[in-house]
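Before anything else, here is the set of structures, which you'll find just below.
One chain, chain A, links the two complexes that follow: it is found with chain B in the first and with chain C in the second.
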Partner chain A sequence: MNRKITDIVLDAIKSVGEMEDKPELLHPDENLRLFGGDGVMDSLSIVMLISEVEDQLLDTLDVSITLADDRAMSQKTSPFRSVKTLVHYISKLLDE
Partner chain B sequence: MKLMLITGTRKGIGHSLALLYLQAGFQVVGCSRGNASIEHDNYVHYCVDVSDEKAVSYMVKDIKKHHGIIDVLLNNAGMASMNHLLTTTMSKAKQVFETNFFGTFLFSREVAKQMMRKKQGVIINYSTVAVALNLEGEAVYAASKSAIESLTRISAKELGQFGIRVNAIGPTPVETDLIRQVPKEKLDELLNAQVIKRFGTVADIKNVIDFFISEKSHFITGQVVYLGGVMR
Partner chain C sequence: MTHWLIQGFENYTEQLAIVDKKGAYSYQDLQQQVSDYCASLHDQLDSGCVVVILSDYSFYSIALLLACIELNTIVVPIVSTNEQEDNDKINVCGAQVIINLKNSALSIKALVRSEYSGAQLYQSIRDKQHSGLVLFSSGSTGKPKAMLHDLSVLLDSYQHKRAKKIAIMIFLLFDHIGGINTLFNCLSMGAKAVLPAPRTADAIAKLIEQEQVNILPASPTFLNSLLLSDVLSRYDLSSLRMITYGTETMPESLLQRVKAAFPRVKLLQTFGTSETGIAQVTSRSSSSLDIKIDDPNTDYKIIDGELWLKSQTQILGYLNASTGHFSKDGWFCTGDRVEQSDDGYLKIIGRTKEMINVGGEKVLPIEVESFLLTIEGVDDCLVYAKNNAITGQAVAVDIVSDKSADKKLLKQSIRKQCFTHLARFKIPTQIHFVEHLCVGNRFKKMRLHS
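For the complex of A and B:
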C-alpha cells in the first residue's frame, strides 16, 4: 500500500510542477524535502499538492480523506515536510 | 458547456435558478438533503447535508471526477429564522449557522481547491438585506449572513491570486417558503425600508448573478450587491 501512496504523492508533485511551471518539481523522488528549511514548495504549492493528492486518492484508491485537518496542522513534525512524512501520514489516515 | 454547482436546488430560488441556467445552456449540479426535483439531461443531483464536511468533500471530488472542474459555485442553500433574540433556542442558532455559514464555507473551500488549478472560477455567496438593515427579529439569521459577507471579502482576497472571484448578493424577501412564516406586518415594514418597495423576484437575483459570472466582470470581486436599493 505504501508504494501506491508514494506513487500518488510523486505524481501529484509532478502535476503541481506542471501547473505552476516549476521545473524543480518535475522529477521528484522519495527523499524530496517539500516544505520548510530547504523544501522545494511554498505554502501555495502545498495547498495545491494537498488538493491534488486528495483527488488522486479518490481516483486511484476510491477513498475520500481531508489531509489538511486540525491534526495535521498541530503535529510537531508537519506531515507536509517531505514525501516520506506525507506518505506516512496518509497511510496512518487510511488505516483508521 | 460551463459547469455550475448550485446548493439547495430542491425548491425555492435554487430550484428556479437551476432551471433557468439549464435553459441557458449550463450543465448544472445541484444538491439538497432530499431527492432531486429536477429532471434534465444536463442536471445531476447529490443528496447531501451542506454542513457535513465529509459528504461535501466527497461530493466536490466526485463532481470533478465525472464532470470536470466547476466554473461557477452558487452557495444558495440557506435557512431563515425569524425570532426574538430572547426566544431563540441554541439548537436553532446552531442549525442556522450550520446551513448558512458552514455550508458556504465548506463548499467554497472544496470548490476553490479545484478552481485554483484552472486558475479561474466564480463563487457567489448569499447575504441578505437584513444585514444592512439590522432587522429586529433576525439577529441570528442576519449574524450568519454577516459572517458570509466577511467570508466573501476575505476569501476574495485570498483566492484572487488563483483567478477566483468571490462576490455576494443580498436579496430582498422573495415570495418563497423561506418567508412563509413571517407575519405580513413584518414584511411590510421590511419592504418600506427598501428604496424600491416590492418583493424581489428570481429574475432580479439572476440578473446580479449574470453580472457576477459575466466574463466582462473579471475586475469585480469581494463585492456585496444588495437588491431593492438597500444600502449599508
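For the complex of A and C:
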C-alpha cells in the first residue's frame, strides 16, 4: 500500500512541477523535503500538491480524505515536511 | 383620490398592459380589476394595515397590489417558497391580513395581533397616509431581513416617465426589488408587461418571440444559460432591443459573449439594492461594465473600495434587525467592491463577503470565473472559498463542463491555462465537476456555501 501512496505523491509532485515550471520538482524521490525549513515548496505549492494528492487518492484508490485540516497542523511532525512524512500520514489516515 | 399611476391608465385604455399564461389584458381591464378589488376590499382593509399577498406575478396579483396601494395599506408580496419560510415572513412583518390568490378569487384571512414590535416603524407611513412595501433580503446567511419602504415615495420616482409602446419581460420575482422596479417602470410608461412561467431559457425565448418582447431584464447567470441552451438558433429573438443585467456581478467574458450573440441589442447594466431601490445608471457602452450613477435621487461615495449609497427612496428601516449596514447619517454600505476610473465611471468587481483570503492575498471570485469561462469546455463555473489549514482559505471551483469534454484532460488544461493567466494565489486548487451550479431562486450564483 505504501508503494502505491508513494507513487501517487511523487506523481502529484511532478504534475505540480510541470504546471509551475519548477525543474526541482520534476524528479522527486522519497527524501525530498517539501514544506518548511529547506523545503522546495511554498504555501501555495503545497496547497496545490495536497489537492492533487487528494484527487488522485480518490481517482485511483477511491478514498476521500482531507489532508490539510487542523489535525494535520497539530501533528508533532508536520505531515508536509517531506515526501516520507506525507506518505506516512496518508497511510495512517487510510488505516483508520 | 385615485393614485396617479392608476389614473394614468386612462391614457392607454386599449393598449395591452399585461400578458400572463392565462391571457392578455388591456390597461382598461387592469383599471377595472383594480377598482373591483378596491370595492370588495374597502371594508376589510383599513388604511395602514399590513397585507400579505401570497402569489407570484399574474394579472390578478398586480391588480391586487395596485388596489392595496390605492387603499393606502402596507403590502408584503411573498412568492411562496415553503410553508415554514412563508410563516416566518408573515410573523416578522406582523401581517394583519393574508390574501391568497386563486385565479381572480381572493381568499382572505384576518389575523388578530395584540402587540407587534415593528409597529413604530409602520407609524410614520400611517401618519402620512402613504402606502408601504415590505421586502425581504434574500438571506444567503441567516434569517431574511424585513425592510420597510415608503411605497408612495418609491412610486413617485416613476412619475413623469414618457409613454412608450414597448413590451418588457418581467423576469425577476414579485417580491424582489428588481421585479417591482420593472413592473412600475412598465406601468408608468404604458408598456406591455410580459409575465413568464416558467423562467427557463426555452420558455423565456419562446415568449420573447411570441410577444415580440423588446426589453429583457435578466441576471448574468440566466443570460449564460440562454446562450448555452442555444435558443438563438431555435427562436426568432429579433424583437429584442435591449437586455439589462443586474442582481449579481457580470463576468467580463460573459458580457462579450452576450454582445457577440446579440450584436444589435443594447446591453445595459442596472444597479440597485433592496435597501436603496434601483438607481438610474448609464453604461459606458454595450461592451463595457463601467457605469455612471446618474440619479438625482441617489448620492454615492467610495470608502476603502466599497460603494456606499444614500437615496431618497431608501427604506425607513428593518422590522427585525438593527440599522444593519446603514451609518448613523443614513448612508448604506452596499457590500459591493468597486473601482473608479478617472472620468468618474464605476466598475463593480465583486462582493466584499465573497472575497477569498488566500494567505492574506485577496481574490474576487468573479475575476477567476471570468477567465475560466473563456476556456474551451467550460460551460459555467462558480468560484468560492474553501477553508484550508495552511493558507486559511483556498480557491475552489465547481465547473459545469461541455458534455463531450474529457474531464481529466480538461482539468489539466484548466490548471495550465490558469497558471499562465492568473496570479498564483488566484488559481483554483480544488476543481470539481458538477451537473448544475448552486443557483438560488433569484437566479444568482450562491458562492457562500462552504
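Assume the second predicted complex is superposed on the first by the 96 of 96 C-alpha atoms of A that agree within 3 Å, B and C clash if a C-alpha of one lies under 4 Å from a C-alpha of the other, contacts with A are read in each partner's own complex, and residues count from 1 in each chain.
Rule of thumb we're sticking to: contacts are C-beta pairs under 8 Å (C-beta built on N, C-alpha and C of every residue); 3 or more make two chains touch, one makes a residue touch a chain.
The shown structure was predicted, so the numbers you read here are calculated from the model rather than taken from an experiment.
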Key: chain C versus chain B on the shared chain A, clash or fit after superposition   = clash
Inquiry  = Quick check for you: in the superposed arrangement, does A:L58 touch first (chain B), second (chain C), both or neither?
reply    = first
Query = First (chain B), second (chain C), both or neither: which does A:M19 touch?
reply = both
Ask   = Comparing chain C with chain B, which touches more residues belonging to chain A?
value = C
Query = Between chain B (first) and chain C (second), which, if any, makes contact with A:V47: first, second, both or neither?
reply = both
Ask   = Which of the two partners, first being chain B and second being chain C, lies in contact with A:M73: first, second, both, or neither?
value = second
Key: Residue range of chain C overlapping chain B upon superposition on chain A, of 77-85, 113-121 or 257-265   = 77-85
Ask   = Which chain A residues contact chain B in one complex and chain C in the other?
value = 19, 44, 47-48, 50-51
Remark   = Per the touch rule, the chain A residues reaching chain B in their complex are 19, 44, 47-48, 50-52, 54-55, 58-59, 64, 66
Note = Counting only contacts in the complex, chain C reaches chain A at residues 358-359, 388-391, 394, 412, 415-416, 419, 424-425, 427, 429-430
Remark   = In the complex, chain B touches chain A at residues 53-54, 57-58, 61-62, 64-65, 113-114, 116-117, 161
Request  = Under the touch definition given earlier, write down the residues of chain A that touch chain C in their complex.
outcome  = 15, 19-21, 43-44, 46-48, 50-51, 68-70, 72-73, 80
